[in-house]
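Across the two complexes that follow, subunit A remains constant while its partner is subunit B and subsequently subunit C.
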Partner chain A sequence: MHTPHQALADRSPFKGKFSGPSAFVDKLQAYRLLPFDFERLDGDRYFLTNMAGEFVLASRPELQQIVDCSLSPVDRLYAELKAKHFIESGNSLAAPELLAVKVRTKADFIRRFTALHMFVVTLRCDHSCQYCQVSRQSEDRIAFDMSKDTAAAALDFTFKSPSPQIKIEFQGGESLLNFDLIRFIVEEAEARNSICGKDLQFVAASNLVPLSDEILSFAEGRPFYFSTSLDGPRDLHNRNRPRPGGDSHNFARTGIKRVRDRLGIARVSALMTTTADSLARATDIVDEYLDAGFTGLFLRPLSPYGFAIKTRQYYNYQVDQWLEFYKSALSYIIRLNESGVRFQEYYTALILRKMLTPHPTGYVDLQNPSGIGISAIVFNYNGKVFASDEARMLAEMDDERFALGNLTQNTYEEIMLSPNLVDPIQVSVLESVPMCSDCAFRPYCGSDPVFHYATTGDFVGHKKFSPFCRRHMGMFKHIIGLMESSASTRELFEAWAWN
Partner chain B sequence: MIVLSAKIAHSGVTATEPFLARCTDNSELPRALAKKQFLVLHDNSPAPPGFLGYLSFGQDARGPVGSQLVSAPVTVSHLSEGDVIRINPAKSEIRVLYRRGSNQNYLLVTERCNNYCVMCSQPPKPANDDYIMDELFELIPLVDPNTVELGITGGEPTLLGERLFSFLRHIRCYLPRTAVHMLSNGRRFQESAFASAFAKAIPKDFMVGIPIYGDEANLHDFVVQAHGAFDETVLGILNLKRFGVRVEIRVVLQKGVVERLPEIAEFIRRNLLFVDRVALMGLETIGFARANIDQIWADPIDYGDQLKKAVVKLDSARIRTSIYNHQLCVLPKELWRFSVKSISDWKNEYLDACRVCTRLGDCGGVFSSSPFRLSRGIKPFLEPIHSFVDNRVVPVGVAEPLLSDGCLSGVPAGRGS
Partner chain C sequence: MGRIPRTHLIVLIRLIARTTPADRWKCEILPLRNGFAGMTPETREHWLELDSTVYSVEAVAKTAYRLADVGVFQIEHSSTGQLRVVIQKCSAGDTMECYAHLKREFLTELTDQLLRERIAVQTEARRNLILAHAYSSSSLSGS
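So, the complex of A and B:
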């Protein structure tokens, strides 16, 4: 990398009315610091970030020089710091203006408001997955299905969102067991949207067991997607996801193929849930996704629900085990790419998008302020409204801390301004949270008041003991380390970030 | 190269001041139209009476006795239907202001500029040149309303202030279907009120091309030889986008700039992702560029890697990116699809060495002013192109033709009469 000064130094002088480059180099010690945070990365290396998430690596002595305002204008770092708006000189407004534009862009999800609306159309399910808190092995349609009246009230609510994009996700239980209601909701939503003109999409979260030609025909010709679970190879998947008659894995794989054959490859995606049994199977899980024809997967963290919540204990060793799992899967995926197989890890990709691009990300679980309610909201089968899917699971365990109201009894305003929503969002804004407010990784991180409440009884928690913090710090440092140590990984990560 | 000015002989011309005239080939025009136009006489075409004047080429001026007769050299015999000329009787000069058959008509609106770029191809002159605009206001109604695109250049057009807004509104009124591309250093748009008024004046299909020569102020300010210019230009771009004006960023590739090119691309995609396109321009070695050639010349075959890195960065950010004024033989093959055949027809030439090249038809060619300094890498492609191998250049600018270089038609070289 050249500094402007170096780039121009070795040339014959300009003549006549022209001034040479040195006439335009900043004077010594004539710069001011713009807001930035720093954190030791490893050894002597420090990681500096500005408010917009741009980063610079510097040694300890360099960092000292930067903050002392004694860095020389011809230093390697000077132009980089200035270009990335860590420092400014002169009396211009350009640096703060650009910084402001970038910060606004990153926070754009707040302006757009709630896009994802989850309709829990039934709690009935044939599966009895070990990590699920909500499903019922019941045939009782009355007790556990959403009614048309409730669905209509949920649609009224949904179309009050100012978001230009509306995604309606059908959740369960097994959502397709109540396909009649799904059909009603889709047709009703389309009718309303013929006036609203929003970018409207539907997603059915399903184990694909009830998938039928009738359902596929209905999905054809409209933006209707399927999202299924694929936890890994057959033995692992079936152990995680038992059902009467067994072989959930076979239903998932067959269902994926049926959707692709009929509707196209873009219409079905899969999600894995990590369990204790997954941790030793990183490459097997990636191979399963390759075998199923996917070009990426999302390595989800261990779910804290169930035992962890009841005991309010969630041990750091579990995070460390997951991080090892994550690192080994990621390393395998990078090797795959180097051998010419294009495959992405989506969790890494979304963090890279935060690091390397000016774009905001749409991932609710890693947003600041928290995306609960204001990015995604859940309508339970019985009309209760929750701030997130995890909030619903918490309620199933008799804690309604994040219940926002009821569709039949409360207005949109009452629900969106419920203290059960506003309080946790407000107190967990990272800029005001102890240990987050001065963390260099803050621009990449998010606030998860539901997780912290579930595991510590407090919306914020103590970050030193927070598995959420430990996991993400581990990921951020690992990702940066990989990027900085290999040019080819950097190139791959750039491609993921901008994809 | 197409010649755009010449000495003339004339007889019967009544005006003493320079005047504009539209040319026609149609000797059968009704009198109502004929009386406003110059009939272009090729070979032995008939010269019926009733035209404003008659333009012939070669030795003797032809035309009806008692009419305004002008004879110009054969170098300007390309003049034909719809072209607009400026005749200066006192100086016995003819100048071509607009060519209907060209998609590269640039109008120079002033020669004054508040930058003093080390590689300027059109060195600024500080003198008052308001007369240029007087003439351009007259020109616009004579331009064919089906003209696809017009360019505005300088000097720095924004120095004209309110007069520029009037001119843009004038174009919008008389040429409602014409796309207009304006070159500016963007500095003046840092004034919000100015940018807002500008946005209200522009034609419907409009884009302004603004140069950025660094990822921070020091390098850019040096290139344009003006302290504080970078900040003003950046604020100007922000204001233009705020008011909905389409902006193209132009980077002229020269020493100093090419060394920082990937960083400049990173700066653009991180800070100015909302711009409408980025043009990476080869150096046109005339004007100041010629005087400073040893200080600023960078050979394309030496900066191919830097260019590739920059283009990958911009393209992956989905910014429309084009490379202008580069010969295919000096560009890495991966960049061919970004290359636009862009040099103005009247400035484009191919070298003798290029006559045998099998890719000549796709090549950007060479500025006729450029043989002064050429890349060491220029050499003809000799292998035949097989149509089933899809490696031909697809010019990116096809769907939306664009005036690309800083050239101009009809340079008023000085005060008229």
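So, the complex of A and C:
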């Protein structure tokens, strides 16, 4: 094989005066393998990842050569494998030490501990979305509002977190229907933080129907953000999100504009949920987000909780159908970028950040060990503490498997060391899960014990039949294929990863 | 894992997760209560015989696990002590082509599993060292 080294040697003015690079290889210093996993993509192509998620693509014969330790330092793959710490040579501990630092960096979310604290300030909601993951209550049922005492206890808990960043997210129901409590929580948190000095942020998850000038005035001058739902064009959004008087879409779009006009463009974000009606509307949904002035969207599938199960919405489409929808939307977004329109798909960007950068992400669903409790925690309106928002949704379906305790009855230590939290995290660590333990996509994936418990009855499930595994495998392989097939897409994805 | 008693044919491979890498895969061998009662003569024809000095039970079991969505496999010891994989069901269809395809898939995946085993054996010490270092506050070089 004519290698780049040889080509260089051929052009060298010293040609003939020196031996080629292969002559300088120390035959006694053969390389050794460092831990890595691999996955067959299709046919002869293999995807290899080291412990930190850096990857290399190789053919089957090349993979065999790597494992046989028969690669030569002048072979194409050798330098890449060594630079990315798939192999080592000599007696230095530099390679494992550097690799350990990379692994430690990727796992930094464990050290930071719980940052996201979700306060379910009310279950009341004016919408009656068929896919709602929460068992909402009608607007007049104030029995489902969080009390000030409970909120104060939740704040006590929140400020015990060692995390230097604290994000308090107000969830519902429709959170803004209990704005008085939100005001109380924000002011109390700010008072406590004047001593703690943490990086404090607030987010209200809202359909923006109750948005008022009073709320906007309160948010002004504070790190207070809004997160709303925008499912797509008016007909699709309104079909997904019915409410008395209709036109939820108009409230969402008007609310987005009001927040931006008053507080700035970055103060409001939107999420979409994919229903069966969305599947054929990928480009319409992207266009809706562009029209609303967003520079990206998060393509989110339905989750198997709450009304999505009761109304059987969750069963209306299969993973493969969602993947086709995802691919179609992503293809359109790539074309938009190629034509000069800056727009991201945030789910893809999260995965790319894991693939192409040394940094961890804060996305709980794709964390290993699972981020339940240790990255995000939920305080329900009645003082019950749950390991995640999905765990709370499960409890609304009368399954309290992930209930960690009660703010008024249990200490911080009792809640964070609850068997209902420790057991699922421990059991679902991917390094010990069948199939995940030798999966090359493990560094990019998450364990999500709540999803698997909800769908299979145990924290792990059989990955070959797991919609979670199927969806993410499909996404990983598609993203890799896109990067391989086009240099411009690779460049675009690099930009998304580092953005 | 010691030799599997011939009377204890594997009906199901229950893969039990452990939290330590060393024994994270454990095959639990369950006795076959009804012999071959559940199998038709046709399905008994679709099998692979594997040299047990080349292929470990773990590698074969992992392969069966990874292909669980496309086939149902029974792993047993043959009368000569070799490993035998009987394909009880091919999800793609009950045709010779489907079974032949599944056999090829099984062998391809099994070869990959052997490679994974080799990597795991060669790198186990390094893996433990890296994990210990990554999750501690100490330095390997002492600097």
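Everything below uses one rule, namely that the second predicted complex is superposed on the first by the 451 of 499 C-alpha atoms of A that agree within 3 Å, B and C clash if a C-alpha of one lies under 4 Å from a C-alpha of the other, contacts with A are read in each partner's own complex, and residues count from 1 in each chain.
One rule holds for everything that comes next: a residue touches a chain if its C-beta (ideal position, glycine included) is under 8 Å from a C-beta of that chain, and two chains touch if they have at least 3 such contacts.
Here the structure is a predicted model, which means the values were calculated and not measured.
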{"item": "Which of subunit B and subunit C A:R243 touches, first, second, both or neither", "value": "neither"}
{"item": "First (subunit B), second (subunit C), both or neither touched by A:H452", "value": "neither"}
{"item": "First, second, both or neither for A:R124, with subunit B first and subunit C second", "value": "neither"}
{"item": "First, second, both or neither for A:P358, with subunit B first and subunit C second", "value": "first"}
{"item": "Which of subunit B and subunit C A:L93 touches, first, second, both or neither", "value": "both"}
{"item": "Subunit B versus subunit C as contact partner of A:E54, first or second or both or neither", "value": "first"}
{"item": "Shared subunit A surface residues [contacts with subunit B and with subunit C]", "value": "93-94, 97, 101"}
{"item": "Contact set on subunit A toward subunit C in their complex", "value": "32-38, 40, 51, 63-64, 67, 93-94, 96-97, 99-101, 103-104, 107, 426-427, 429, 431-435, 437-438, 460, 462, 464-465"}
{"item": "Residues on subunit B engaged by subunit A in the complex (per definition of touch)", "value": "116, 118, 214-219, 221-222, 225, 227-228, 230-232, 234-235, 238, 255-256, 259-260, 263, 266-267, 269-271, 273, 288, 291-292, 294-295, 313, 316-318"}
{"item": "Touch list for subunit A against partner subunit B, complex", "value": "1-2, 4-8, 11-14, 16-21, 23-26, 54, 73, 79-80, 82-84, 89-90, 92-95, 97-98, 101-102, 357-358, 494-495, 498"}
{"item": "Complex contacts: residues of subunit C adjacent to subunit A", "value": "15, 17-21, 24-25, 62, 65-69, 108-109, 112, 115-116, 118-120, 122-123, 126-127, 129-131, 133-135, 139-141"}
